[in-house]
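Residue numbering begins at 1 within each chain, and the chains themselves are lettered A, B, C and D in the order written.
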Amino acid sequence: MQDVNYRPKIVAFCCNWCSYAGADLAGSSRLAYPADVKIIRVPCSCRVNPLFILRAFQRGADGVIMAGCHPGDCHYTSGNYFARRRMTLLFSMLDYLGIERERTRVEWISAAEGAKFSKTMNEFAATIAALGENKRLEDLRCKK
Amino acid sequence: MSHDKKQAQLDEILAASGVDVRKCMRCGKCTATCPAFDEMEYHPHQFVYMVEKGQIDKLAASPSIWQCLSCFACMERCPRQVEPAKLIEAVRLSVIRAKGANHLKPEEIPALLDADLPQQAITSAFRKYSK
Amino acid sequence: MQRIGVFICHCGTNIAATVDVKAVAEALGREPGVVFSTDYQYMCSESGQTLMRDAIREHKLSGVVVCSCSPRMHEATFRKAAEKEGLNPYMVEIANIREQVSWIHKDVAEATEKAIILGRAAIAKVHLNKPLTAGESPVTKRALVIGGGIAGIQTALDIAEAGFEVDIVEKEPTIGGKMAQIDKTFPTLDCAACILTPKMVDVAQNDKIKIFSYSEVESVKGFVGNFKVAIRKKARFVDEDKCTGCGICTEKCPQKKVPNEFNMGLDTRRAIYIPFAQAVPKVATIDANYCTMMKTGKCGVCQKVCGVGAIDYKQQDVIVEREYGAIVAATGFNPMKPTQYDELGYSTCEDVVTSLELERLMNAAGPTAGTLLRPSDKKHPHTVVFVQCVGSRCDAENEKGKPYCSKICCMYTAKHAMLIREKYPDTEVYVFYIDVRTPGKNFDEFYRRAVEQYGVHYVKGQVGKVVEDNGVLKVQASDLLSGEQLHIDADLVVLATAVEPDKSARSIATMLTASMDTNDFFTEAHAKLRPVESPTAGIFLSGVCQGPKDIPETVSQASAAAAKVIGLLAKDKLTCNPCVAESDELLCNGCSSCEKVCPYGAITYADKEFRGPNRTTLIRRVASVNPAVCQGCGACTVACPSGAMDLKGFSNRQIMAEVDAICKM
Amino acid sequence: MQEMMKKRAIELLANGTCDRVLGWTNGDFAYDQTPALFRTEQELEEGFVYNGFSAANLSKYLVKECRAGGKILVFLKPCDTYSFNQLVAEHRIKREMIYVIGVACDGKADVEKLKEQGIDGITAIKEEGDTYVVSTIYGDKTVKKEDVLAERCVNCKSRKHMVYDELIGEAGDVIADCGRFDMVEKLEAMTPDERYEFWRGVLSRCIRCNACRNVCPACTCEQCIFDNPKSGVAQKAAANSFEENMFHIIRAFHVAGRCTDCGECSRVCPENIPLHLLNRKFIKDVNTFYGTYQAGEDPAAKPPLGRYEKNDIEPGEAGGVKA
């Protein structure tokens, strides 16, 4: 049984130019999303190393989401295109290892899409809450 | 009618129609478009506004809801996706349900059929007069 | 171990109302390395900054964490303040507890907890921060303006006025844009050509300005201060240097049936043409789609009549490479073609026209020489119906229209109505409106004049359908105030269609790596404080490409963009972003994985000598990054399998420290 | 075959085409061969071996040899030539310093399979047509090749050399329907729970000996991030299931688009973990999502993670794996 006090831990990697700005817009528009989502600012989605994602799971994250500029809108022209390939392969591999595919997600959120940011984070948090604790990629040493 | 009951009635109409009346910007294109304008007491834009103000009773009592042709021109042309015809449909249904009977028996319809009547109108008639 | 100071901003009540700032300050004060932790009402204020500077000095701080609003707002402010106190600015990190905490959470306990965690993540990062020093790059002292409408013209003139070179790239054969097609301008009713064409001549005569007409931007490389742009000069089959603009060819050309785009297709022009009399440059262009010579190889009339031998049927597109320090997007707009609204009859009735078509029908240089005649039978219309908001102000889900207000339609419709009533008092004019929006200097007065002095019938309501019946336009509309449905027999219906960004804007934005909103308008760096800059450094916005606006607004924004460009070009050197990639040569394999993903070509390789085991020397191929060219995206850092490539300011270990801190709860 | 190779190597040493030869020699056991460097005719005569146990992919050893200078002769089996090309593409070896003799190969024997057939005490192996004649201390035994082929050879993708200066033996072809993704597909068809159990079952055997990494021709980092204390992710023996997963996922990701599927990782794994199934998953995904790509086929080709298409599949849409 799931602990009634269970709160998922969610790490969101947001690119500085679009999605982090989208999160700012969600904030200034007062569009709430669960406090379980914590944002890490990266210059571009292509800065997100699969190592960081595994690291988050190791340290106890239950879900990891990466948000970047829409394809074609990357501040650095092509960063999100590379990120998209990397994450496609990584997620497919995690799935292949039997690790719940729903724990990882990529979303393209522009600086103008505060509403989409909030909606995405609400959805993702609900998905993770339904999945419950991450067991398959946990490192017990990192848990209390 | 008590305030709560009124609210429940309004909520039912909004839920049944799926219409967000607050989207209306009061442009009146629905009414400009309505082919049944002359017959109606309340016109499509007024329907929307009356629902917004919670005047469901007034609407339900008006013959206008039966004069609507369900041609859906108002829905098609509304720039704000308000869909007044769906509201009218919902009010109509609530009236029919309250009566507990069809306004018209299905078997009576063939006798009333006019050969010149477009197919759409027949379908609309079923929609309007049966549960 | 760093000596870290933590500052929690109340942001008035913006943060303090939802976050227990004292509790955050206390909790973060217990974090390892934190030697000072406090909260303050407004950290960004003068006294807030002084508080931070005093603490840096008194507590010998080596790192600072400010828990406040988004770093996109005040990171630079706090970094500058730290620098004044001798602390490297890159030792300051921001925890965003306003946009990401207080503004979106209601529960104080929850918000406070999250604020503490975000603070911890920032502290964890600062522990690994290293002082960074920015490099410098030179500035090419020339600007590029994309688009030669009134926005581009004004921007170019202002930049040239300050003594800098400017190039204008215009895809049409002449500059002038939409304003050249307009008859009169509101609210003063000056003739548009009379105020625009002198500016066009100024551009042509300014030796600092070079016009690339009938040209398009092909590619953009580089970065602020150092753009390299390829411009495609489309073949116009006329030698621009030889052509005198005498116009004989355009009179003699036998192909007369080409729709005249300048007159909105309401009349025809020749296959070789000059768009209008005051075109700049006044040079003929052959429209290869219609030219008989180009299509069949037989004709050559224009070549025969040209006295200076300017015609060249074999002319090819030419790519010109130019360097710029700044680029201004002034790509403008087009009025939407309302073909999707069957009920309004634009596709089926010739006498249903758009407002820009009406401008041509009323213009002295237009197809009717300024007499208002309707297109179908060239008769004078006696009843004219205007429909406002066609395709504007639609629901976001509505596929037919745009969600925004096009802003200029209310005023130009009032202008049209007034001009018609003034010239033809026997004409009845109806305007169907949803709201009349006239916020501008002398705007409402202008609209009231249309109603009160000129007797234009303003009807609150919309037109539901327009059907043609024997040359009469049967208009069915609602009058919401009287509760009537109106049936008007009109001779002419004019649709005020939505303003749409020019189709070319999207591809240009991609080339410039400038962001756009969902409607394809360019986004500003800040909606209020940096309205003429794109978030991409060195890219500026002028005119309607940023959002609907009228001529006075366009001109002010164009001058504002020019001021920003001048500010940039006036600098000899630009300070680079120090958060760039760096290769650890001891770890680098030289495998070129990083080079393949670098969008800027910032990575180069060289064979270098290294010490091998037993005093031997090894020669290895290793990568190095040009910090002036690198923009700090970090694509290379992930492509590198050995972890040799890392990003300063966002290093692998810094990001992992943040991950660790966030996950440790 | 072995004698032809030896003869040619001696000739090329003598005429100065190369100054050393990279080949195979017997290790502690006849079936346990090891890559070896031969500098003289005598060394070659005494030590050079090429037979059904000469399995090692020699291309990776060229990284070190290229740094030492001179000119190296190397013998490469078809699958090794893919690795060779990949190393050239990544500037890890210098083509002009190496003389490549391609040697035909129709599979190598798996000693475990021989043992299953009751063959022990092996002293030598010889190929005779479709059979191996295995000399043992108990006398000679003959087995069908197909019964004892190493797993990677059963699904051999190509008998064609991608690169060579000269060829010994017959030229072969690429084998299009080699069935090398069959097992990947089988795993994909399982439920996530089954897949998880499968991978936990095999990966939990990992003892982090690093043999897979050390033998892998794509793993030629100066220092592996897992060995670098400054990387923040260094680990020695995997402490728990997470670290086992982490090491193998990241290793597979680092070689994604670069792995030529030579199968050395699984061959050398002392715990018989089917590591090649991780790499093949990436190869299969790349083929499905971005078009067929074989690392090492064309040294000038852009690797799949170093290029992109504007309409690439979205991570959320990447199907092909049944939930």
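Simple rule for what comes next: contacts are C-beta pairs under 8 Å (C-beta built on N, C-alpha and C of every residue); 3 or more make two chains touch, one makes a residue touch a chain.
This one's a predicted model, so the numbers in the text were calculated from it and none came from an experiment.
Undergrad: In terms of C-beta pairs in contact, which of A-C and A-D ranks higher?
TA: Greater number of contacting C-beta pairs: A-C.
Undergrad: With centres defined as the mean C-alpha position, give me the subunit A-subunit C separation in Å.
TA: 30
Undergrad: Let me have the rounded angstrom distance from the C-alpha centre of subunit A over to the C-alpha centre of subunit D, please.
TA: 36
Undergrad: When the centre of a chain is set as the mean of its C-alpha atoms, what distance in Å lies between subunit C and subunit D?
TA: Subunit C and subunit D have C-alpha centres separated by 53 Å.
Undergrad: What is the distance in Å between the mean C-alpha positions of subunit B and subunit D?
TA: Taking the average C-alpha coordinate of subunit B and of subunit D, the gap between them is 74 Å.
Undergrad: Hunt down the residues of subunit D that sit against at least two other chains at once, touch-wise.
TA: As it turns out, subunit D has residues touching two or more other chains at 225, 233, 305.
Undergrad: Residue numbers in subunit C touching 2 or more other chains?
TA: 597, 639, 652, 656
Undergrad: Based on which chains are in contact, what kind of graph results: line, ring, star, complete or other?
TA: Its topology fits none of the listed shapes; call it other.
Undergrad: Throw together a list of every chain pair that touches.
TA: Touching chain pairs, listed by label, come out as A-C, A-D, B-C, C-D.
Undergrad: Which of the residues in subunit A end up touching subunit C in this complex?
TA: 9, 11, 16-18, 20-21, 23-24, 26-28, 30-33, 35, 38-44, 46-52, 55-56, 59-61, 69, 72-79, 82, 86, 110-113, 118, 142
Undergrad: Tell me, which parts of subunit C touch subunit D in their complex?
TA: Answer in residue numbers: 586-593, 596-597, 605, 612, 618-621, 639, 641-644, 652-653, 656.
Undergrad: Within the complex, which stretch of subunit C touches subunit A?
TA: 70-72, 96, 98-101, 103-107, 110-111, 113-114, 117-118, 121, 509-510, 513, 515-518, 523, 535-536, 579, 597, 599-600, 631-635, 637-639, 647, 650, 652, 655-656, 658-660, 662-665
Undergrad: Provide the residue numbers of subunit D that touch subunit C in the complex, in ascending order.
TA: Going through subunit D, the ones touching subunit C are 67, 90-92, 220-225, 228, 230-233, 254-255, 302-303, 305-307.
Undergrad: Using the touch definition up top, name the residues of subunit C that touch subunit B in the complex.
TA: 343, 389, 393-395, 397-398, 400-401, 432, 434, 460-465, 476-478, 480, 483, 485
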